[in-house]
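Below, chain A partners chain B and then partners chain C, in two separate complexes.
On to the complex of A and B.
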């Protein structure tokens, strides 16, 4: 997790860097309710967004935040909100409405640990949808993912999620946030523009897609089938992963987010000891990079899943590993005393010991 | 080369601004840095730690330190969270105004600084954290005293500028309290 690079970079906390990245990506509406470790992102957006011509609102609750953010997104503004997993739990109805109304929104989960994998990947509200979820391993990647997510949200017209954590939100490194240029997007000809009913030009955003008396919509059956097809297409197009030293690996370590930087170090150490070990990291938690994992795990005698929860991603790993009988969970629930971040298992020594115990050396 | 500093104290002692000041000073001197604060929902009196890595090239440090080179101890309450993460011969700079018991470390070089009383002597009663920071920087040479002062001036917010002079007096009092470069951070550094 290096700061890397030249000395002209600024020392920035992860939350400040993510805020700069969101603004560089064109985010002009942000709202949220303070909850550690999301609070600093809200503070940074409140400090920076008005000068960039945007609006930041400290909401009275997470439910208010998601619905304000939905309203801003419906006008075509690049809009975002967030919380930690506890607050995102409250937002799930709004996320479902965003998905089924095909509204782009970026959600930031500055999580208190790794226990929100199911929440991030399964769709937590009602209806047939998922959220594209990217899990950066460090601050520079969180900056890159933030900008990418604003593009993906607009390109696919869907809510998307950044799975950060306490470490990413609070770690300061020397970094420079440069705006990234993405390919052109289609015009937002669906956005509400304030035109009133009676003009014949008023637009409508409605989950049931029934339209208006003289311009009927597709209705829920056709609309939701099309949306389901869209998510199938996203699943084919947007899976991202990182694989290291997998060509000859007989042991594969799988992790996501911050834990991956510890996994890569252990792989380096054990490789130096002569063990044929590699690592695999889903960069997108959804879509899960299943076929890449199948390829990376081919021929492995052990696929070890290191996640700091009771076993969530291990379901996806088991579903896609070349041989599901060799998948084994080596993580576990681990919170520090404050409850705000990962606990003692987020540690090189702890990980090394667990790997050695399982592989018997 | 990378040097790690583990900071520990309780909320209200200025541990967070001390760690950020040191990180900023190191950055301004052209080093690479990574600063990982660690605190919970509590404010005054709760655990407030930070881990800082300073290097002269791209960092390999992980966001949870192991085998750290040094420690900055404002208060003994959460010392137990830091001690196991130190290396074999760490440099430990302690606020002797509050840390009075044994640290329980073999092989450490321990520098005691009566930070609270020195802060009071220079009419900077809230500046004990900056006293210890000035002392740490002087005895290790991790960064220069002038860089610490300049970083403090950058970081103190506009509504606190009335404390700039007192903070600077605190940093300089700390720098005078320990022998310069007696535990040098960088090879080739000389007193």
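On to the complex of A and C.
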């Protein structure tokens, strides 16, 4: 379907669109171990990356994948991998290692639902680090986030994560993937390519930052303090959110990722019924947009957290809401029979009824 | 238990500075490893070969966790210290991005055969064009002398106090033999550093492996049996003979696989 100005949209599955976005962003190394619904992204990268001059390796485990991706990242190449929650659990050793080596990497969690919020925002690796995590609500946003994440990873020299899911991976939309231009980045003067060997100033990447005799490193204490300061700076600079109808809201509905599409619809309907309700969505799960939430929730008599898990993001919402006593969870564990995606609770009628029940209207 | 005897610093022939003995790719000869440790001898061989083959300024080292990590720190080679056991996976990502660079992995028996057997076997099967080095002393030296997957039968360690008994601790793994069976590997050899003769032979193995890597022939592997008198709980001067009687007796030396036959 041709649009105005010669823009051509193609009907693409979310996984293919994300793959195109990664390649447009300059990703040249991709690896993964099949696991639905991440598998489709791996397939798309395997099909397309070689033609773009890159390499895609079908790894023999998620542990192998994250370590291969780390190796590629250490050479300065834009590198990525991913999985679903269980596979990412295996990858945590490498995520921590990337963070403490200050190596950029993009991780795709094509999650089987919403139960990986803690994993995405708290991580499971060792040491003091955080992972920038963006949770798109639909395929176009996933495409934009993918390109942004490659930039953020390089800019802050840190692993970053896209929190997608079955809906993003499998929804087909008409879309055009264009490379986005970001502000210039500093040169990767830390990357290893073997050419400094034998010069007396060989480079070394090591989480303990010990350096070599000719170029001593800062050592773990100083290095890790600096890295902790960097994450504090990221926390101030990179929080992203979306707020709707919050100015006069007395009820605020908070959700993340693809469920936000349902939330916004319900907010529209309830507004039409005369309810002063608004919605808030952390676009970055970490850094959590805490001050924006405090502002959006000021004066609300109810802050309702709709997430399809046993209650994970509710911790962050409670920490930052203007009045923590009005925070209530209205989601819950909800998985469909296949185990691959959200279950019955992801339903407009059910959500509307649940909101009305909780606020007594 | 045998008492561990300490020796003094290495004796340097009169009029010669230690530095003259050092390969150019070493930024400092001052390491913190035990007297009698075999790792520095084995590593010296590698540095000499890199220099002799003209690979000095296009070589990259991926190093595991063990006493040999010291060698990475002192070497004038672009280096990446990676997670325990994962060097062959990390090297895969590196080499795929830098196909013209000499990529070496350095691991011990604990790192490669205990923690990382999966990674090395798959890298070998994929035929990654890297040179994997195994400094095998049959113990976790770094942690203080514990049982690894290559500890020979009868060897006493802090976690096999009465000696490795197959009924309790199982059998040692000969990873070179496993690798030699894989179609992706093109060169598999095992040397040692307990005598001048074995050192010279090991050097030829490392040279062959690196040459084949640069020819793009496939996965190359050199295991080097190294002394760990501290971890074995034997007096330092007995290390080389002890290696001969125990490790070399279990893991035979020589080329297990080479283009055109070993």
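Please note the rule applied: the second predicted complex is superposed on the first by the 349 of 361 C-alpha atoms of A that agree within 3 Å, B and C clash if a C-alpha of one lies under 4 Å from a C-alpha of the other, contacts with A are read in each partner's own complex, and residues count from 1 in each chain.
The definition used in the following text is that contacts are C-beta pairs under 8 Å (C-beta built on N, C-alpha and C of every residue); 3 or more make two chains touch, one makes a residue touch a chain.
None of these values were measured; they are calculated from a predicted model.
Peer 1: Between chain B (first) and chain C (second), which does A:265 come into contact with in this model arrangement: first, second, both, or neither?
Peer 2: Touch partner of A:265: chain B, not chain C.
Peer 1: What is the contact status of A:36 with respect to chain B (first) and chain C (second): first, second, both, or neither?
Peer 2: It touches chain B, and chain C stays clear.
Peer 1: Given the touch rule stated above, what does A:347 touch, chain B (first), chain C (second), both, or neither?
Peer 2: Once the two structures are laid over each other on A, A:347 reaches chain B alone.
Peer 1: Once the structures are superposed on A, label A:339 by its partner contacts, choosing first (chain B), second (chain C), both or neither.
Peer 2: The answer is first: A:339 touches chain B but not chain C.
Peer 1: Taking the superposition on A as described, I'd like to know which of chain B and chain C A:276 touches: first, second, both or neither.
Peer 2: A:276 contacts neither chain B nor chain C.
Peer 1: Who touches more of chain A, chain B or chain C?
Peer 2: C
Peer 1: With both complexes superposed on chain A, which partner does A:170 reach: first (chain B), second (chain C), both or neither?
Peer 2: first
Peer 1: Could you please specify the touching residues of chain C with respect to chain A in the complex?
Peer 2: On the chain C side, the touching residues are 24-25, 27-28, 30, 51, 56-60, 62, 72-83, 86, 89-98, 101-103, 118-119, 122.
Peer 1: In their shared complex, at which residues does chain A touch chain B?
Peer 2: Contacts found on chain A: 1-5, 7, 9, 11, 36, 138, 167, 170-174, 258, 261-262, 265, 336-341, 346-349.
Peer 1: Would you mind writing out the residues of chain B in touch with chain A in their complex?
Peer 2: Interface residues on chain B, with respect to chain A: 20, 23-24, 27, 30, 32-42, 47, 58-64, 66.
Peer 1: In the complex formed with chain C, which residues of chain A make contact?
Peer 2: 28-29, 31, 55, 57, 59-61, 63-65, 67-75, 77, 79, 93-94, 97, 192-200, 202-208, 210-214
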